[in-house]
Structures are given as structure tokens and as C-alpha cells.
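What follows is a short report on a single structure.
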Amino acid sequence: MENCCEGAGNFFGRQKNTNIRVSLPAVCFVWQIAMIILFGVFVRYNYESDVREWIEFKHSHNLTSDIENDFYFRYPSFQDVHVMIFVGFGFLMTFLKRYSFSGVGFNFLIAAFGVQWALLMQGWFHSLDPITGKIYIGVENLINADFCVASSLIAYGAILGKVSPVQLMVVALFGVTLFAVEEYIILNLLHCRDAGGSMTIHTFGGYYGLAITRVLYRPNLHQSKRLNGSVYYSDVFAMIGTLFLWMFWPSFNSAITEHGDGQHRAVINTYLSLAASVLTAVAISSMSQKRGKLDMVHIQNATLAGGVAIGTAAEFMITPYGSLIVGFCSGIISTFGYMFFTPFLEKYFKLQDTCGIHNLHAVPGMLGGFVGAIVAASASVDVYGREGLIKTFAFEGDFATRSVLTQGGYQAAGTCVAIAFGLVGGALVGFILKFPIWGDPADDNCYDDEVYWEVPEDEETIPPVLEYNNHMIHKHHDISESNFSVEQS
Amino acid sequence: MENCCEGAGNFFGRQKNTNIRVSLPAVCFVWQIAMIILFGVFVRYNYESDVREWIEFKHSHNLTSDIENDFYFRYPSFQDVHVMIFVGFGFLMTFLKRYSFSGVGFNFLIAAFGVQWALLMQGWFHSLDPITGKIYIGVENLINADFCVASSLIAYGAILGKVSPVQLMVVALFGVTLFAVEEYIILNLLHCRDAGGSMTIHTFGGYYGLAITRVLYRPNLHQSKRLNGSVYYSDVFAMIGTLFLWMFWPSFNSAITEHGDGQHRAVINTYLSLAASVLTAVAISSMSQKRGKLDMVHIQNATLAGGVAIGTAAEFMITPYGSLIVGFCSGIISTFGYMFFTPFLEKYFKLQDTCGIHNLHAVPGMLGGFVGAIVAASASVDVYGREGLIKTFAFEGDFATRSVLTQGGYQAAGTCVAIAFGLVGGALVGFILKFPIWGDPADDNCYDDEVYWEVPEDEETIPPVLEYNNHMIHKHHDISESNFSVEQS
Amino acid sequence: MENCCEGAGNFFGRQKNTNIRVSLPAVCFVWQIAMIILFGVFVRYNYESDVREWIEFKHSHNLTSDIENDFYFRYPSFQDVHVMIFVGFGFLMTFLKRYSFSGVGFNFLIAAFGVQWALLMQGWFHSLDPITGKIYIGVENLINADFCVASSLIAYGAILGKVSPVQLMVVALFGVTLFAVEEYIILNLLHCRDAGGSMTIHTFGGYYGLAITRVLYRPNLHQSKRLNGSVYYSDVFAMIGTLFLWMFWPSFNSAITEHGDGQHRAVINTYLSLAASVLTAVAISSMSQKRGKLDMVHIQNATLAGGVAIGTAAEFMITPYGSLIVGFCSGIISTFGYMFFTPFLEKYFKLQDTCGIHNLHAVPGMLGGFVGAIVAASASVDVYGREGLIKTFAFEGDFATRSVLTQGGYQAAGTCVAIAFGLVGGALVGFILKFPIWGDPADDNCYDDEVYWEVPEDEETIPPVLEYNNHMIHKHHDISESNFSVEQS
């Protein structure tokens, strides 16, 4: 029976060639060499990381202490964000029973490529010196590169288990490119504020991933159903990802906000919003199940919705209880999403969203964008002070005369730009990924590390099983022997 | 046989209703809504996180740099403490073979609720502005909220596996309330110093949990004995918790000490004390077992005793070798506790202490309190300098004339207050938890995630077994076929 | 058959006595007491962690803010390095199927001892006050102690699974001692720069471990072959180690560099080098396997080579693309090492290198040393500025007139000193470890936690198996019953 099943699997999957022995090394080498050349042409240290320029800067600004170097304002937050990108996202995606290597490993690969490409793309749009034609980088650029790559990792969540690492490299290449453009439009042209990237990262990343998975729809994905689920320990591993994301989200939302009160306030708001979303996620999860049992999917994901939804407004004067309300609502919406929207979208819109990024990123991100718009529109001199209003919303230069109401309108528009970029860009990338050259797995071979990894053979298996193995064989013998004896008697 | 066993289980446990589908969501929603209302009435940003006030403060104090914002002194420590609370405590409690979801998940739930309630309770006692009637919060309040909740998480360790999440919410509600009161008495009225919370957090939390578990004594807990132990991988998961607690303990003990030398010294003392307790815990563990084998319970827990015991004295001039001595002794005491006290207390005092918090928190905490008293009493102008003595012990205002000997006496008294609050408060909460409405598990159903979680069914099981499964079935076939052939022949 | 095998194992291994019930506690107690005495005689707080002296320093230097305390420049990096030492190295060594307790646990033990001994040894060589005869410690000493111990943990990688914890304590004792001497020669006498310790930590630690494992060569190690490999979840655990090492490596290489631009630049260079080595490690790994499948050994280790190889040059003006090139090459070399050098060295040089430290530390470290020499030799006033050149290479005092070319020569010489110290010191320590008193395991008993740990019995096994167990038994019954019926018919 099983050999037969397997044979059938091979038969249906025969047209799929998952051999990536040429394509993956080729992509890695060519792109890495391209990075080296482009960095050689364009990227230099900025004045805070260049020994000559920092000494000159200190002299010219009469600085007596190195503590004014932006490094000391942002480096702790940078490291927290770095942990979110590699351990947070990586381990959150280990929850499948046989896809933990790919979850954490491919996340590692595409993030490591993505940050390099992001330094270039964001550099060209934001930090290019018009005179020298160089991009000058410092710690804030490293944070932004991590942010940029986060949107592609979100997209990976939707297609987890159904694509090859080569396809993921393509997702990251285009994801970073599209991100840099939409970020430029939202932050520079529309002059939106988006500290934690509710719009630019989560909304864009969410819809980007959803569009890709829609185009890559697999009608026969049920053939891999046996592997599309968790086991006990894979769920515990995923909690490592959840907790590091949850704990460091205040750093994420405050990493590039204004020095001083800006970073301080973004941390408080995010901390509170996250705490509230834990309680409502637990409440809805418990309400939905027989005997009030909790569902690990909700705990692993919906508890984070508060961090996404407060992203844009985190640096604003949303007030502590305002943050709690945002977390309260987003926890509910996200958990409902896992219960109802995901099955609905799969059934009626052919959206196969492995991690449910629709509920954790797309919708809470969109919510965060509109919350940001409302909070911006209702900002007042009374609360912010005149100087504070200018500082918080950067009403300077061309935007010196913008009113808070206009700002609110542009914030809302920015959210729509993020959605549009995600959907159109994702559809485009989806079609590119349909070329039969990328080594993606067959429908009955999804969610399986065996396709792209040398998985340990476990001949001897893990010890409890080994012991039991012997045990069973003995039992077996007993029974069959007794059979024999019965027969012989 | 098995169905029979299960039937018997159901029979004995029939009076217990573990359905929390109404109570858990109700508690989460009502309490979260209460938090929103109370935050709306009471909580505001402090002058360092409010854009208007920080700008005014900088102007009025002629500050040129944002680096003077307390955020930059405390935020890295805050994030480390945050990791200890959620990953440290959470993963430390994954060691049971079938209670990892609850260990890390319920820790997450009650900590997320507890920090909100702590911001209010501690705010009312410590930061309430008498004129405006508001609580103004900043990063130090977030750290204190994390500290406050730690005492309830310690108490969770004693009752791990034997209570429902609704009961844990009650433990956190009262734990935080009691903490705020005893902290007010110890720090404000008695004017003790307790940087790392040996008294306020560990002694109180330890005895609070012990009193609760004493009141909730289950004479038939042996019916769940099969699940009250670890397996190989659950022990490895628990080491994640141990190590993050161990590594970040210097941040815990220094997070709210004086800027500059205070934080610096607290880190050095904690680092040294922890290092010493690892060696003595290993030594005693090895001495106690056949062939010198180490016991994971000791390595996971007693290695941390140095951090607990140096808590109060960490900011004092205890000297580096003094810190080593504290760690040396606490490692020994704690390991002996796991070997002798825990079984003794269970047998003669009906104390069922799942994680052994008696040995990791109650006793080392008490030790830390008295070490702090002795070190305070022996402080001298010679060592601290006059200004340093005032700064270290806050001999200001009403306490300007207090001598170090008196201070030592008050420190010792503070430890006793913490014990008393723990025991009385815990007994009270224990009786509340005995009402048959909280959905706690039956005696033969403890330490089991199945009661409160949708646990993955593992039909196909983890892969080694899967493979083996096929293998067995084939063998099976062979044998039964051979049976057939024998029969047919 | 199995009992027979086991009997044979006992027979061959009978001469080995792994009882460490006296030796391990004795070593722990004696050495810890020695630490307390030596700290009592020698170690004091430095002026930044002593309350009296810090107040005086602030007065005498007219400092208004505590932020100038070195604590605030280095503490976040210190905590990151601390995580690398205990979780990074610890979990990286959990990859073996039945040696996870020892991997993470013994790492914990020897690191906790090693940092104490390192504070003394490095103190005597670097921070001893000639007048008072005391060592004054602060946060930079804690970082250096962590660094120092890293070299012994690297050596542990080579002998993982083949030595007793008592032997490991000896490895750490001599490792720290040798490190302090070679570091003194390299940094002080040769006046090399080595921010991230490519030479002092990785080259020395790598060759130290390789020399030890060569002397301890076991011709019959194949008897433990069944346990010298990973299983699925042990590989996922190891990824925790890999990622925390990878993420925090920028902190490692920048932790003790110059304030300001020095720390800033070291972070950027390390970040880039690491990113590049991920891509080339993946590329080579994929090229080497049938169907392009990735090998977890490469992903867990070779991705880190970029951090090792940029260690020395991280603080220099190597330029961003220079860092990418270093990462590019080291990722390739390291992965090739795992594929070819390790088997080659084992076959022809009798080097049994469990973790492949030759490929992750020895060779990339040596590469890093020579890269540092070249970058130093090509430094120019044009790029660094005159003041910057003096600051970066500490051309002060006796070395005020040294040219960059000479500096480059000394850097190369420093690398050779590190190799020599590693090889000679390791051989020496290896011979000491050959005395038959240390309780090391027999050849057929290596890589097994059972030897030194109370391993949970798993009688009931983990639940999926339990459930499946029942299932199988039922199936079994069905079949045997059907057999009966066939027979009866």
C-alpha cells in the first residue's frame, strides 16, 4: 500500500524537478558577487563610523564625548531587531512537523541576502549623496535594512512549505526592491510617519505574500495535508520565535524614532498594546474551542497583533490607554482571522496562507495604518506643544505648513499605497515564480524538509523510541511465537 | 485495560469540571477592560516620554543632548529583564514531559496581565502625583512592573501543573496587589534598599507560592505521578530558560540601581556570585549521585541561586570576593534543598512544590535579605565616602540621620515583612482558589496539557516513528504472512 | 544480539572508570575556594564601579552626567557577548543526538569557572596596579573574561563527547592561562590590534583544541559511531546556538574597540561579512550534495566563518565591500573544510574533530589574522587622517614611530604566535589529560550523556509514541485475532 502510495506520489510529481544543485549555488554566487561590486562602487562608512570624519565632526561641533555618536542611541535596539528577524521570524516558522530546517534555515538565507540588497536599494532612495554619488551607512541603515527584509520574511510565511529556496531568493530580491520604492513614496513623497512600519512593512509584506500565494495556488495541495500541521515539540520551538518577537517589539517600533522622548514613548505604547493583545487573543481562543481549550496557533500568532497594529502610532501621543485599546482590538481581530478568515479565504479565494499572515500582518498592519491616520489627524498643539508637533510629524521644509488633518489624510493614503504595492507586486512576482525552472516541490511533497535538506536518518531513532522499539519487537515475538505455538498445538 | 484505566480516571475525577470556556474569556475580557478604564483615568506619559514636557525639560535644564533621558540609562537592562520574565521563567517551566505548552503559555498570559496591573498598583503607591492624581510612567516603571510580576511567576513554579489558567490569573491579581503593598512597606516605610529584589521579589514570591500550594494540598497527587517528570528534550528546552535567566541576571539586579557606579557595581557583583554558584551546584549535584552523575534539576535551578542571594547586596560595596562567597554558599544551600528539603517538606509539611521554588527563591532570597542587612550594617565612610554613603543608602530627607547599623536592622526587618506577606497572603489566596469554580484539574489529570490545550494529535507521529511505523507494519506483514503460509502449508 | 553487543562494550570498556563522584566535586570546590582567596587578595572595583572613586572622578573631571561611565558604552555589547558564550556556544554543541545535556551543561560549567580565572590571569597581565598590587575591574574586564573563556569553549568543540567534565575543567584552567600569556605577547609586546580576537581567540583556541584532540586520539572511536550524529530536533536546537552567535557577532567584534567610530565601524564590517558568508556557505553546501540538498552541518557552522575572519580587521577602515569579500571567501573555505579537510585530517592526521573547529575557528581565524595584517599594512593618512591612524593603531608611547607596514608585519607575526601557543599548549594539555585519573569515557561510550548525567528514563516515552503504542497493540490484536480466526476456521 505505502509503496504504492509513494509510487503514485512520484508519478504525479514526476514533472517537478526539485534539483537545485545548479540554480541555488548560481543565484547565491552571482548575487553575492553583484553585491560586492555594487558595494564597491556605492557604499562607504558615514561620518559616525569613519575614523577621520568622526574626529573632524567632534572637533567642528565641539563634542567632548563619543556618547553623542548615534551608535549609542540605536545599537541596543538594533540588536533586538536583529534577533526578531533571525530568531523571531525563523523560529516562528518551525511550527510544522517536518519543515523546521527550512523554516529557520531559509529565513536565515533570504534575510542574509536581503539586508545587503536593502542597504543598496534604501541607500539609493534615501542616503545617496548627490555630489559624491555614494551611499554613507551607519547603524540606522542597518536597522532599516533589517526592517526592509522583514516584509519579505512576512511574505515567506504565506508560501511556507510550498516553494524552493531559489524562489525565496527571488521573493526577497523583488520584495526588497518593491519595499524601497513604496517606502520612498510613503515616507518621502506622501511624508507619512511610520515608526514601526505598520504600513510599509506589515501591510505591504502581508499583501505581497498573499498575492504571491494566490498566483501560486495549488489545487491538489491536500496531497501534502499529512505534513501541514504541528507536533508537540515543533510547537514549543515556535514559541521561542513568538516570545522573542513579542519581547523585542518595543525595540522594533522605537528603533528609528526620534531620540529621547520619541524612542521612550514608542516603547511604552508598544509594551502596553502587546500586553493587551495577549489577553484578548487568549480569550477568543478559549471561547472558540470545546471545553475552552487554547489553540497554539492563536497563542503563537495573535498575541503579536498588538505590536503590528501600534506600529505607526507608537511614536505619537496616543496615550497609554489608547495603546491598550489598539492591542485589545487587534488581538480579537487577529484571533477571529485565524478561526474564520483563513478557512474562508482558502475556500472562496483560493488563498493558501500557511502561517496566516493575513491575520497577523495584513489586517493588523492595515488597522495600524488607519489608527495612525486618526491619531495624527487628532494631534493638537495643546498635547504636543508647537515644537513637539513639528518634531513628531517633521513639519519642516516643504511640509512646514501641513496641518494635522492633512497629515491624517496622507497617512491613510499611505496605507492604501502599501496595499496596492503588495497586491500588484506580489501578483507580478507570483507569475515570475510560476516558470518551471525554480525547483519547487510537487503538490504531494510540500512542507517536507527532505526535498531540500539532508535530514538525519534517525536509524537508531531518538532513545525513547529505541527502547520502545526493542520492547515492541519482543512483544511481537511473544505474540507470533504464541501464534506459532497455537498453530503447532 | 487502558480504557478501563481511563474510565477509572474519569470516575475519580468526575467531580472536577475543567471547562473554562466561560470563565477564562470572562476573566480576560473583564480585567482587560478594567485596565483600559483605569489607565484612562490614571496613567499618563512622564516628562521623559512626553514630547511637550521633554522639550520643556531640556530647555529649562539647558540640556543639549537627548542622551540624558533615562531611557538610555535603563532600556538595555529593561529588555534583558523582559527576556528573563517571558523566556527565562517561561522556558524554565517547560521541563515537564507533557506540560510545556502550559509552562510557557500560562507564564505568558499571567505576565502580560500582571504588568498592566502592576503599573497601576505600583503607580498608586509610588508615582501618584498628589496634585493631578495621575500616574506618570517611563521606562523605570516598565522595569518595576516586570519585577512585580516576577513574584507571581515564582509562585506559579510551586503550583505548576495543578491549577487552571483562571486560578493563575487570580494568583497574579493578588500577587501583584500584595507585592505593591509589601514593597511600599519595605522600600518606603522601612526605607530598605533592595536593588535585585531578594526580599521583595524572591522571598515574598517564594513564600507566597509555598503557602498557596500548602493550602491546595492534594493527597492523591500521586495519581498523576506518571507525568510529573521530564523527558530528554523537555530538559533541553528548560536549559534555554535557565541560561537566559543566568545570563541576564546582572541586568536584573542593576536595572533600577543608581546611574553610573551603582549599575556598574551591581553587574560585577551579580556576575561573580552567579559564576560561583554554578561550581558549587555542580559539585554538590555530583557528590549526591551514584558514579558522580549530574542531575538536570540542580543544573537548571541551583546554578541561579547566586543571582537571587546577591540581589539586595548587589549595589553595595560587598567587594568582588564577597560576591563569590555569597554565590558559593547559595549554590550549596540550594542544591541541598533540592536533595533533602523538598522531599522533607512534601512528606512532613504537605508542601507539593513542583519546581522547588523553596530552594531557588524562598531560601536564597531570605539569605540575600540577611546578607544585605549585614553588608549595610558594616558600611563605612572609609569605603563609601560620605557622599557615597548618602547616595547608596539614600540617607536623605527623613532618613538623613539614620546610621548604617540601624539601616542593617531595618533591612533584616524588611526580610521578615516579605516572609510574613508571602505566607499570609498566600494562605488567603489559597483559600480563594479552593472554591470549586475555577476549573482546576483532577488529581489524576495534573501536569497534562491536554486539559487546557488543543494538543496536536500526532497521528503520523514524529518522523523517526513514522519510518519505524512502516517498518513495523512490514515486519508485521511478513510475520502474519508467514503465519498464513504456515497455516496454509 | 543487543545484549551481546552491550556485553562486548562493557568488556572492552571495563578498564575505564567514569566515576567522577570524588574528582569533579573536589576540583569544583578547591578551585572555587582558590578563586575566593585570590579575589580577596587581588581584585577590587575600578574607579567606575566604586562609589567613592566615581564620585571623586566626576568632581575632579567636572563631569555632570553619569553617562560618561564606560558602563553605558559597553554594557549592551557585554550582554550580547555573554549570550554568545553561554547560549551560542552551548546550544551549538547540542547537535549530537544523545549529548545535548553535556553540550550545553559542561559549556556552562567551564565557562563559569573560566571567567573567574580569566579575571585574575588577564588582571595580572593587563590591569595590575604596580603600587597597590591590586587588579581593578570594570565592565571591560568582564567582556575580556568572556572572550578569554571563548578560546577554551572552542577547544571543547574538538573534543566534544570524548572527555569527562573534570578534563574539561583542566582544559579551561590551562586554556585561560595560556590565553592570557599569548594575549599579552600579541597585544602588548608585539602591539598588535585584535578587536574580535581572530588571532588571540579563534586561531589560538582552534589549534589548542586540535592539538588536544590529536594527543587524545582514539583508534577505536568507531565503536561510538552510532551516537556521533544528529537527529531532527537536536539539529533544530543547534540552530539556536548558531543564530545567537551569528546575530550577536557584531557585538563581539565591537565590544572592546574604541568608543564612537570604532565600535560603530566594527559593527558594520561584521554585519556585512557575516551576511556574505551565509550565501557562500549555502552555495557550496548545495553544490556538494545530490540534488542540491543542504547539509545542516554547513548551515550551523560555516555561516559563522565571516564573523571569525573579520575579527581583527573589523575596527580598521577595511571598507564595506572589503568586509563582504572577507565573508565571501571565508564562507567558501569553511564549507570546503567541512567537506574535505575534516575527513582528510581524520584519516591522515588522526585528528578527531567533533565540531569541525578546524574549519570554523582555526582556518578562518588564521585568515582573519592575515587579512588584518594586510589591511593594517595598507592603512594611509589619506583614509584615516593622522589623528585617526594614531587612534586606530594606538601608535603612542613606545610605538609612536611605528609605520603601518611594520604594524602589518607584527600583525602577521601575532597570528603565528597564536598558532604556536595553540599547538604547543594543546599538546602539553593533551598529555596531562592522558593520565588515567580523569574519568573519561571508553571508546564505545563516547557521545553519550548517560555517562555523566541522570538521564530521564522515558519509560512512558513521549506521548505520540505512547498513543501510537496503544494503537499498534490494538492493530496487533486485530491481526493476531484474525490469525486465530483463520486458524479456527
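Every chain is named by a letter (A, B and C) in the order it is written, and numbering of its residues begins at 1.
The rule is short, and it goes like this: a contact is a pair of C-beta atoms (placed from the backbone, for glycine too) under 8 Å apart; a residue touches a chain by one contact, two chains touch by 3 or more.
Nothing here was measured: the structure is a model prediction, and the numbers come from that model.
On Cα atoms, by how many degrees is chain A rotated relative to chain B, nearest 5?
Superposing the C-alpha atoms of chain A on chain B needs a rotation of 120 degrees.
Do the two copies chain A and chain C share over half of their interface residue numbers, or under half; same or different?
Under half shared, hence different.
Could you work out how far the Cα centre of chain A sits from that of chain C, in whole Å?
Their C-alpha centroids are separated by 30 Å.
So which bits of chain C are touching at least two other chains?
Correct list: 67, 72, 76, 231-233, 240, 458, 461-465, 472, 476, 480, 483, 487.
State the interface residues of chain C toward chain B in the complex, per the touch definition above.
Within the complex, chain C touches chain B at residues 18-25, 28-29, 31-33, 35-37, 39-40, 43-45, 48-56, 58, 65-67, 69-72, 75-76, 79, 82-83, 86-87, 90-91, 94, 100-101, 104-105, 108-109, 112-113, 115-116, 137-139, 142, 165, 231-233, 237, 240, 439, 451-456, 458, 460-465, 467-468, 470, 472, 475-476, 479-480, 483, 486-487.
Across the complex, what residues on chain A touch chain B?
Chain A residues touching chain B: 2, 67-68, 72-73, 76-77, 80, 97-98, 226, 229-233, 235-236, 239-240, 243-244, 246-248, 250-251, 259-265, 267-268, 271-272, 274-276, 278-280, 282-284, 286-287, 289-296, 299, 303, 317, 319-321, 324-325, 328, 383-385, 387-388, 391-392, 455, 458, 461-465, 469, 472, 476, 480, 483-484, 487.
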